[in-house]
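Per-chain numbering from 1; labels A, B, C and D assigned in written order.
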Amino acid sequence: MTYTLFIILLPLISFLVLGIAGKWFSHKTAGWIGTLALAGVTVLSYYAAYEYFFVIGRDAVTGAFERQVPINFCWLPFFDQGLHFDMGILLDPISVMMLIVISTVSFMVHIYSFGYMKGEKGFQRYYAFLSLFTMSMLGLVVATNIFQMYLFWELVGVSSYLLIGFYYTSPAAIAASKKAFIVTRFADLFFLIGILIYGFYTGSFAFVFDTPEGLASYAQAGFILPLALTLMFIGGAGKSAMFPLHIWLPDAMEGPTPVSALIHAATMVVAGVFQVARLFPLWVTYAQDWMPIIIWVGVFTAFYAAAVACAQSDIKRVLAFSTISQIAFMMVALGVCTELQTGHEHVGSVGYMASMFHLFTHAMFKACLFLGAGCIIHAVHSNEMNAMGGLRKYLPLTHITFLVSCLAISGIPFFSGFSSKDEIITACMAYSPAVGYIMTGIAAMTAFYMFRLYYGIFWGTENKELHAAHHPHETKVMTWPLIILSIITVGVGAYTTLAGFGMFDGYSFGSLISADGQDYRIHFDTSVALTSTIVAICAIGLATWIFKGERQPIADKLYATFPRLHRWAYKRFYMDEVYQFVTHKIIFACVSKPIAWFDRHVVDGFFNFLAWGTNATSNGIKTLQSGRVQQYALVYLVGTILLIAMLLIF
Amino acid sequence: MNTESIVFLVLAFFVALFSVLSVTTKRIIRAATYLLFVLFGTAGLYFLLGYTFLGAVQIMVYAGGIVVLYIFAIMLTGKTGDAKQHTLTVGKRAAALVAALVGAGLLMFVIITHQFVSQQLGADITNESAAPISQIGSSLLNAGEEGNLLPFEAVSVLLLACIIGGLIIARKR
Amino acid sequence: MNITIDYFLILSAVMLGAGMYGFFTRRNTLAILISIELILNAADINFAAFNRLCQTGIEGYVFTLFSIAISAAETAIAIAVMINIYRMLKNNYVDELDTLKW
Amino acid sequence: MNFLSLFVLIPLLMLLGLWLAKGVKAVRGVMVVGSSLLLVLATYLTIDFLAQRAGGNTAEMLYQASFTWFEPLNISYRVGVDGISVAMLLLSAVIVFTGTFVSWKLSPNLKDYFLWFTLLSMGVFGFFISIDMFMMFMFYEIALIPMYLLIGVWGTGQKEYSAMKLTLMLMGGSAFLMLGIFGIFYGAGGQTMNILDIANHTGGAHPIDFAGQCIWFPLTFVGFGVLGALFPFHTWSPDGHASAPTAVSMLHAGVLMKLGGYGCFRIAIFLLPEAANELNWIFLILTGISVVYGAMSACVQTDLKYINAYSSVSHCGLVLFGILMLTTTSTTGAVLQMLSHGLMTALFFALIGMIYGRTHTRDVRLMTGLMQIMPFLGVCFVIAGLANLGLPGLSGFVAEMSIFVGSFQNADTFHRVLTVMATCSIVVAAVYILRMVGKMLYGVCTDEHHLKLTDATWEERFAVICLIACIAGIGLFPSWISSMISDSVAPIIDAVKQAI
């Protein structure tokens, strides 16, 4: 399957071509180059997935999908302990699934951007960066070892930086891009340290290490390996915007909306989840005691983000917080997974599958939501909800796809989000009912704030003057991706719901991806499914009751009753201010400035003092050399007298 | 108290007095004049010692040549007084005075405490050291054991160099 | 009272002291030269006196002669230099002649 | 005629050519021909070196040649190269080549400028090909002195002060160095100045006893360390770089500072292994401080050149840090870092010089939105910045990772903690780079003078593209150069390890 190399090379070439020669291309040519490259990638990815799952298929002996490593070479040798930095392509169920997700969403975004970015200055640059990002993200998911993952991890960080800062004339975009890069890089530092520890103790950077010597060194390492994994998790948490490293993601919405859809909803932000999933065998085998860290970070983030999302007025921010919350769901699902072996008697292993499943479905419907939001913003030229309202008349297609995605994320049966979220809650319930109920509650909050958003945009009070000025309308090239993504959402949802309720016995997501690669048929736990559905419907009903009308007396009353709560949630519980304080007031003002001062005045001052001392001394000595003959003679005489006196005395 | 003693004392007083005057007077032309007196006194001392040729040379070269040079130089440089002397700080002047006095004092102490084996000035001076001119002349031009031809030639070359040097340095450009 | 070498030496010490004092305190270069002449003369007297009173031979005598010749030469050159300096700088005070200093 | 000597001979001929050259065109012609020749020579050397190594030539130094220069002290003109020197020669050739183009329109006295520039590069080349301690020292001095004039005459700002400070501090370093060199010479029996002969003593204990090593090691290390911006002897670097003309900054930060790291390794560590093992903790702490401290200082600077100078302190600290960690990987990483830092800091200084030449200010607060006005320079500046903060695919990443992985192979807590500390610098690097890029390039240009500025000229573009190509080349295909270096590093490190 060496051809998979082209999955990475195509966008790389497209990036280089557009990056170097872009300014001599017309917008259209540049867009076509990027899109065609991505079309190629998509075709190759789908073919690779087909070949991997259905041509090569399960191993006859183990009954699992085996890892395929079509390419692997030593990129940079390290010379101690035989460590080496490899580059290659690793295909296993999750990387193949990621290939599908990335190429699909990226392709959709490429098409969509034709419309959204039309006439923007720097159109070529935009497509170049998209290609760069796609390349890096694909490289990340097919990484054969943790170091390659880190390499592409950094690259996605940079491309995210470049894309968030695409509108580089806007101060907000500059600040947001800077923040995104620095926060994630700070997290990456821990990732790197984790890699260093891991590499040293296991003598390898490989993901799975099952030779006897490797096991021996794991055993020796004691708490070291969990420590390494946890450090790597911090890196993942940074990329995946887990609390308290989430602060960059809402700001990252300053980038063009298709970018938000691609990077900050569907692909890059799930890199952390992907990383934990990638290292999952290690986590389960060697660091099970440390896994509650993942769970509780996830649970708290999910709750926090959902709470904040309820109060935001910028539609992209609502979606951003919803993304954070949903990724936290995936994290929690991984955290509650306690065993590798699958099968219906092994409920502990459902989480892994559920997490990956949710990753997949979430990528699709969240991309759809973001692209829909992009259409809306494109139409009304504003991100604020109060500029919208009643848009369903103007943007019918967007309205329908948005509704579909909202239903999906809320967890309504027959939409994809239902199946995956249901599995997550099942997994949580199996781990601990407490976690399960908390997650159900958060799922309800999700439904609530999503429908608050939905009604705020498409129903509710219409901002008539604004709409009259802009004539909101849809563009065909921008609606096609929406339609495709919602078809996937509905299709996957309907299929898996029916299969899950046992209507027919076919393949389901678990058949392709499960913790140990065995075939796992999803069957819903009826009580869980029912509970969560009812809860979701209630939440939607509540949202409808509060927000659907032209006037919203209840909402206003609520704001009036809990002004402080609303304000805190709106200000995201002042996390940004805390960061601002720590970075500017503590690190800059109390560390960097003093160091710079110290350098200029103490260290440099010391050398200047040396120079001054030398100068002063020589100035002092210089006056002795006055050039006055008479003074010399006098001194000479005095010396002579002294000498003679000494001779006389002694 | 013989005649030589009286003459010596008078001359010594004369010389010492004008030496001191010559360095303390404020007007430089006077300083030059006092120097002239000192030189004459010195010549007198040479005569007293019986070195008549030396005395004559002293008067001719010093009094007749060098002092005249000084006078001309003083006149050429236009300023007759050492006006700047006033600006000298008291401390510096005192230091110079003390140094000079201590130096001279120390010297006198050494002279007085040291027992020189010395003849007396007067009758018993041996003829040997009277140094007649003929002897001086032959000594100056003698390259032998007792001769001083080499320093003589050196001085003559030096004088030649000085003539040329003086001409070149003082020449108007 | 017998005049021995000591008297000559004391006289020359006085002259030397005067010369030194003048050398230290004078500012006019010509005055300094005059002081130097005093010092040289003191030395000359010593030569002559030692030669006459303490020794046989004529070394001291001849040396005095040379000394006079050399001081004449020295004076000539020094005065030439000073006149030249005066011509260029319109000054002949030692503490103000610092153009070449440092 | 040994062909390594061409590295000294070509600059000599260039000097002659420059001396005879009349007019700006002739001067440029001589420089372009000469520096291209050097580049070709360095490339040829690299290829031939790799071929010889591949052909099984395992001699420690290749292309050796020697003739006696000064009998009484056994000083010889003795040349030879191993992988490290080859890498450094390649780097120097690239920087000299691009430096020529960057100084294309310098005024006044282009000819004199290039004369000193060439003399400096002669010193640098001579240093890297020498394997005789005294020769190294001599070439080192040859490289230092022109710096004074280059900064003092063609610099900007308070150039006299900076030039003086730089020269004096480096001279102070050389004083230590000379002591150290003579200490080693006499300690090893006073028979030879040849590095290889001293290091490869046959059997038994090291010719220099342990106590002696402990004296000479700090002297030589500090001596070279001053040039390698070792804390607290780095303060010449910000002022010096800020005042130096562009190409001189490039050459100085790009190559001359590498003399420090190279010398530390070649003389201090190689010749004094026992002391290196014993005393490296002191210098590890100092370099560890350098790394973080430089980065932290860079965060609050407002002058572009100061930012880059402090970032150089941080990166060069990492070089010495890697060397002192005494593992093959970290030392290889350190050499890679020398290469990488040399290239990227040269690129940075070149770009800063070009921007400064247009805006006449280096204060980041006074510039905004330059990306719109000079897109080429802006994009290259971003690339340089990303290289500086260790973006994968550019050379910095490879070097830093090698150093970190290598350093972490020392199994005790002290080295570990220091390594972790040093890794923090990569975050801080991101902070200062992004701050600079964000303030200067992004946003809307408000200064009306800046609106009229032009983008890079052809020779500037050429120089910048050359450097970026090299950076990306190393960053994308690091293994050949990394192997070339480590082949030479490994025996030395093994010897040092065995000396305990």
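Here, a contact is a pair of C-beta atoms (placed from the backbone, for glycine too) under 8 Å apart; a residue touches a chain by one contact, two chains touch by 3 or more.
The structure presented is a predicted model; accordingly, all values stated were derived computationally and were not measured.
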item	value
Cα-centroid distance, chain C relative to chain D, in whole angstrom	66
Distance between chain centroids, defined by C-alpha means - chain B, chain D (Å)	72
Chain centre separation (chain B, chain C; CA means) in Å	7
Chain centre separation (chain A, chain B; CA means) in Å	104
Multi-chain contact sites of chain A, meaning residues that touch two or more partners	634, 637
Junction residues of chain B, two or more chains touched	95-96, 99-100, 103
Touch-based graph of the chains, sorted into line, ring, star, complete or other	other
Full enumeration of touching chain pairs	A-B, A-C, A-D, B-C
Complex contacts: residues of chain B adjacent to chain A	95-96, 99-100, 102-103, 106, 109-110
For the chain B and chain C complex, residues of the former touching the latter	1, 4-5, 8, 12, 15-16, 19-20, 22-24, 28, 31-32, 35, 38-39, 42, 45-46, 49-51, 54, 57-58, 61-62, 65-66, 69-70, 73-74, 76-79, 82, 84-85, 87-88, 92-93, 95-97, 99-101, 103-104, 107-108, 111-112, 116-122, 125-126, 128-129, 131, 135-136, 139-140, 148, 151-152, 155, 158-159, 162-163, 165-167, 169-170, 172
List of chain D residues in touch with chain A within their complex	165, 168-169, 231-232, 234-236, 239, 293, 296-297, 299-301, 327-329, 332, 369, 371-372, 375, 386, 389-393, 397-398, 401-402, 404-406, 408-409, 411, 419-420, 423-424, 426-427, 430-431, 434-435, 438, 441-444, 478-479, 482-483, 486, 489-490
Contact set on chain C toward chain A in their complex	20, 23-26, 32, 94-95, 98, 101-102
Contact footprint of chain C on chain A as seen in their complex	622, 627-630, 633-634, 637
